[in-house]
Amino acid sequence: DRPLTVIAGPCQLESRDHALMIGEAMQKACAAVGAGYVFKASYDKANRTSLKGKRGLGMDEGLEVLAAVKSELGVPVLTDIHSEAQCAPVAEVVDIMQIPAFLCRQTDLLLAAGKTGAVINIKKGQFLAPWDMANVASKVASTGNDRILLTERGVSFGYNTLVADMRSLPEMMKTGYPVVMDATHSVQQPGGLGGASGGQREFAPVMARAAVSLGISAVFIETHEDPDNSPSDGPNMIHLDQMPALVSRLMEFDKIAKADPIRL
Amino acid sequence: DRPLTVIAGPCQLESRDHALMIGEAMQKACAAVGAGYVFKASYDKANRTSLKGKRGLGMDEGLEVLAAVKSELGVPVLTDIHSEAQCAPVAEVVDIMQIPAFLCRQTDLLLAAGKTGAVINIKKGQFLAPWDMANVASKVASTGNDRILLTERGVSFGYNTLVADMRSLPEMMKTGYPVVMDATHSVQQPGGLGGASGGQREFAPVMARAAVSLGISAVFIETHEDPDNSPSDGPNMIHLDQMPALVSRLMEFDKIAKADPIRL
Amino acid sequence: DRPLTVIAGPCQLESRDHALMIGEAMQKACAAVGAGYVFKASYDKANRTSLKGKRGLGMDEGLEVLAAVKSELGVPVLTDIHSEAQCAPVAEVVDIMQIPAFLCRQTDLLLAAGKTGAVINIKKGQFLAPWDMANVASKVASTGNDRILLTERGVSFGYNTLVADMRSLPEMMKTGYPVVMDATHSVQQPGGLGGASGGQREFAPVMARAAVSLGISAVFIETHEDPDNSPSDGPNMIHLDQMPALVSRLMEFDKIAKADPIRL
Amino acid sequence: DRPLTVIAGPCQLESRDHALMIGEAMQKACAAVGAGYVFKASYDKANRTSLKGKRGLGMDEGLEVLAAVKSELGVPVLTDIHSEAQCAPVAEVVDIMQIPAFLCRQTDLLLAAGKTGAVINIKKGQFLAPWDMANVASKVASTGNDRILLTERGVSFGYNTLVADMRSLPEMMKTGYPVVMDATHSVQQPGGLGGASGGQREFAPVMARAAVSLGISAVFIETHEDPDNSPSDGPNMIHLDQMPALVSRLMEFDKIAKADPIRL
């Protein structure tokens, strides 16, 4: 079992400079403590709560920025896709293509993503049980691509609330695919602000520490230098300047966890 | 407040003859008791639990069948769409285009559907609160199309289970759009059979009666002459030969309810 | 199947005059439309959210008031009990003893209540599935007393929220015991006001109509002439002056429902 | 922040020898790695799913056994109480009196327990939000006794299922009272076996590790030398011979967590 990988970056791409600034800070923070690092950001927020929410740079400009992060920093990059048509062009740039949680049952999208040969990170739908993800992963694997990651990001719990069930992590590990904990979306409050999702940033480290103590492969954390003024997911992103301490702490838990990972 | 409309048909299109048989039976059952009728069936099941589930006739053949139902029976038809590209061709045939629950937050799909000018029936996502649907409907309405229906089909309740919250019906009525109760999907057990969704057919009339007693505009019911051998959603579809009695009973409740509909 | 019974009264006993005033108003409203009537009120609110909540008249004074309601109005009375010791004295006065939802698994309380020979109304715990109530009822029935009622009052749904699952009513009817819908506690928001429970009074008629349309035996409704100034459960009680119209409407639904009650 | 305390023992007392055997094994396991230890067992299972479930030794014999464990092993003992009358006699023997989750809102029981001066461990009801526990603890504290522990043991999540929300631990820490994670009841499946509760023993270490990584005060674990043949809670108890390794691992996580405990 390899050391923890940290998948981190801003919720959405804002500019080349912004992406490089965050990517570089995270790269350093991870390298300092022996964690793997993957840069994450979205070029399009395709399912905002309200039509008024900012959607982002768009695919063309977004892929240019992601390519820059990859080449200038030398780190792998991850972004999410929203239609079959986006799969091929995105796969030319990014290392990991992510299936959004709402779309994790859309067969054609899973097949198109799988066929690119990229690593596919599938977010578990807020409406799914962890054991349902075996069928979801099979759709991707049917293309001959078994470079699959499965991500927990909370499950519906009453209205406008998610809960992260720690059982889902070892349950999804049963598939044999690496399992990721999305610590920031798990503390989202979907639609909780009326025209936008709320969030409980203060609980993101709770989710990260709890999950890492089980021996997961990676933790997914959205971060920003000024979350309260970011264009999306501000309420749940972690301040960039708190990330080095958090990553360092997580690596301490990871060492103990990896010596005896939970396996069902 | 007009009498109840019944939106009913098989989960997926199987053949022209099959669609006409079910459509004709339902048309008669509804006419006999003064209920409105809309034929419903899907040409593609785009998000089956497992890759092995049958997907259906496909768009081209499916639209031919729907056109036949419309012209031969003279009833409006409803089907669901899965991508922006499908909106225009489908809108040429069908009267009501339906946004699947999993896709109800996908902004581009909502906008493309709205732009066709067709009536748009939006199913409430299993991960949404009823008040969240005002933002969803606004996306469609932003296109200038306010011919919108909102449908309750159950909300996530633990794993592999939905619960239908009757409060959601008057809550969604606050938007001013007609509200529909999907009586058969509300009793689905998503992923409940491992490789397929289970269902509790026996509870579908429970959902229909409870909802109609509140004064809703329409009830949505999937029906089949042999549910246990149907290609999808068999466990929750109602036997076709039980539909006339059910529709007749619902109309009795509807008359009382419409004399004093629940309005918040 | 007999006509609907309405179990109604203030959340807690306030005084003899107050109880008689409400009891008389409800008795008239029910008699006018052929509904059965049972007076309901509590002498002790033993599990208030906060220590500051008013607990009520106490058992001795409360039983005197209940006896007065029974003798002066000639209606059966219902109250809830909280310990084994209360069972015998309470059973001397009341017709129906109610087991509170939080206590519905306390074996000794169920046995002591059953042994009195009174009718026992068991509220389903907010933490139980409807099928779990068969085991609960068996505890009472083991005393030789099968005069049992089972009441739905909502199930936990996320935090500070309940949802009323209409499936629970026919599910509990499988036991053969009469089933009651508690329309006002089902719309409680437990702890929702911080130091007290909130509630959504406007949804209580939704619950009542939906449940009655299934063919249940009784509906339970707390009512008050001035809910906003009542000592407990104000946010979910229905105004007394709205009760005659509600009961009248429910009887219309009941007639249709009883002609063809849902039976699984 | 002191090192982790382990509250552990069999679900119910079976005999003096059995209690001493388990208590001694746990005492050694905890001492070996510097963990605190409290012996836990019940003398009465007062809310079994079914009347057929074994209830235990009863209070008199149970207290004798608990006294023996305390005097012979020199460890503090914890047991749960079910009525006001039990408080005084039980407090003469045990160090920590536990309020069962179903009873955590019963004001009189909380007051009677508080008045004994014993440490009071309150289990959070399966129907409560973590922030609701501040009101619950205030009832005990109103007696002048602020030696209070608050325990997470899962919250209702659909039917026959609990989920442990890791946010509840730091949320309850806000009260200032020590917080305990009940790792074995959190993986119960209430009523899941029809006539008894089921459980997922394999997930208990998941709960324990996740919670300890946040910096909690104590972990509560039921254990038995032969869970499958124990009189209650067999499906979720951990095998006694697996406890030393688990406690040892938990202490490694505890050391890192206590260096930087989560505090909101």
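Residue numbering begins at 1 within each chain, and the chains themselves are lettered A, B, C and D in the order written.
Rule of thumb we're sticking to: a contact is a pair of C-beta atoms (placed from the backbone, for glycine too) under 8 Å apart; a residue touches a chain by one contact, two chains touch by 3 or more.
Quick caveat: nothing in here was measured; it's all calculated off a predicted structure.
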- Between the pairs A-B and B-D, the one where more C-beta pairs touch: A-B
- Same or different contact residues where chain D meets its copy chain C, judged by the half mark: same
- Task: Tell me, please, which chain's centre (mean of its C-alpha atoms) is farthest from the centre of chain B?
- Result: D
- Item | Rounded Å distance, chain B centre to chain C centre (Cα mean) | 36
- Message: Averaging over Cα atoms per chain, report the distance between chain A and chain B in Å.
- Response: 33
- Query: In whole angstrom, how far does the Cα centroid of chain B sit from the Cα centroid of chain D?
  - Reply: 48
- Query: When you check chain D against every other chain, which residues touch at least two of them?
  - Reply: 157, 159
- Query: What is the shape of the graph in which nodes denote protein chains and edges denote touching chain pairs (line, ring, star, complete, other)?
  - Reply: complete
- Note on the structure: Counting only contacts in the complex, chain D reaches chain A at residues 157, 163-167, 169-170, 187, 200, 202-203, 205-207, 209-214, 249, 252-253, 256-257, 260, 262, 264
- In their shared complex, at which residues does chain D touch chain C? 46-51, 55, 82-84, 102-103, 105-108, 125-129, 131-132, 135, 138-139, 142, 155-156, 159-160, 190-191, 195
- Quick one: in the complex, what on chain A touches chain C? 157-159, 161
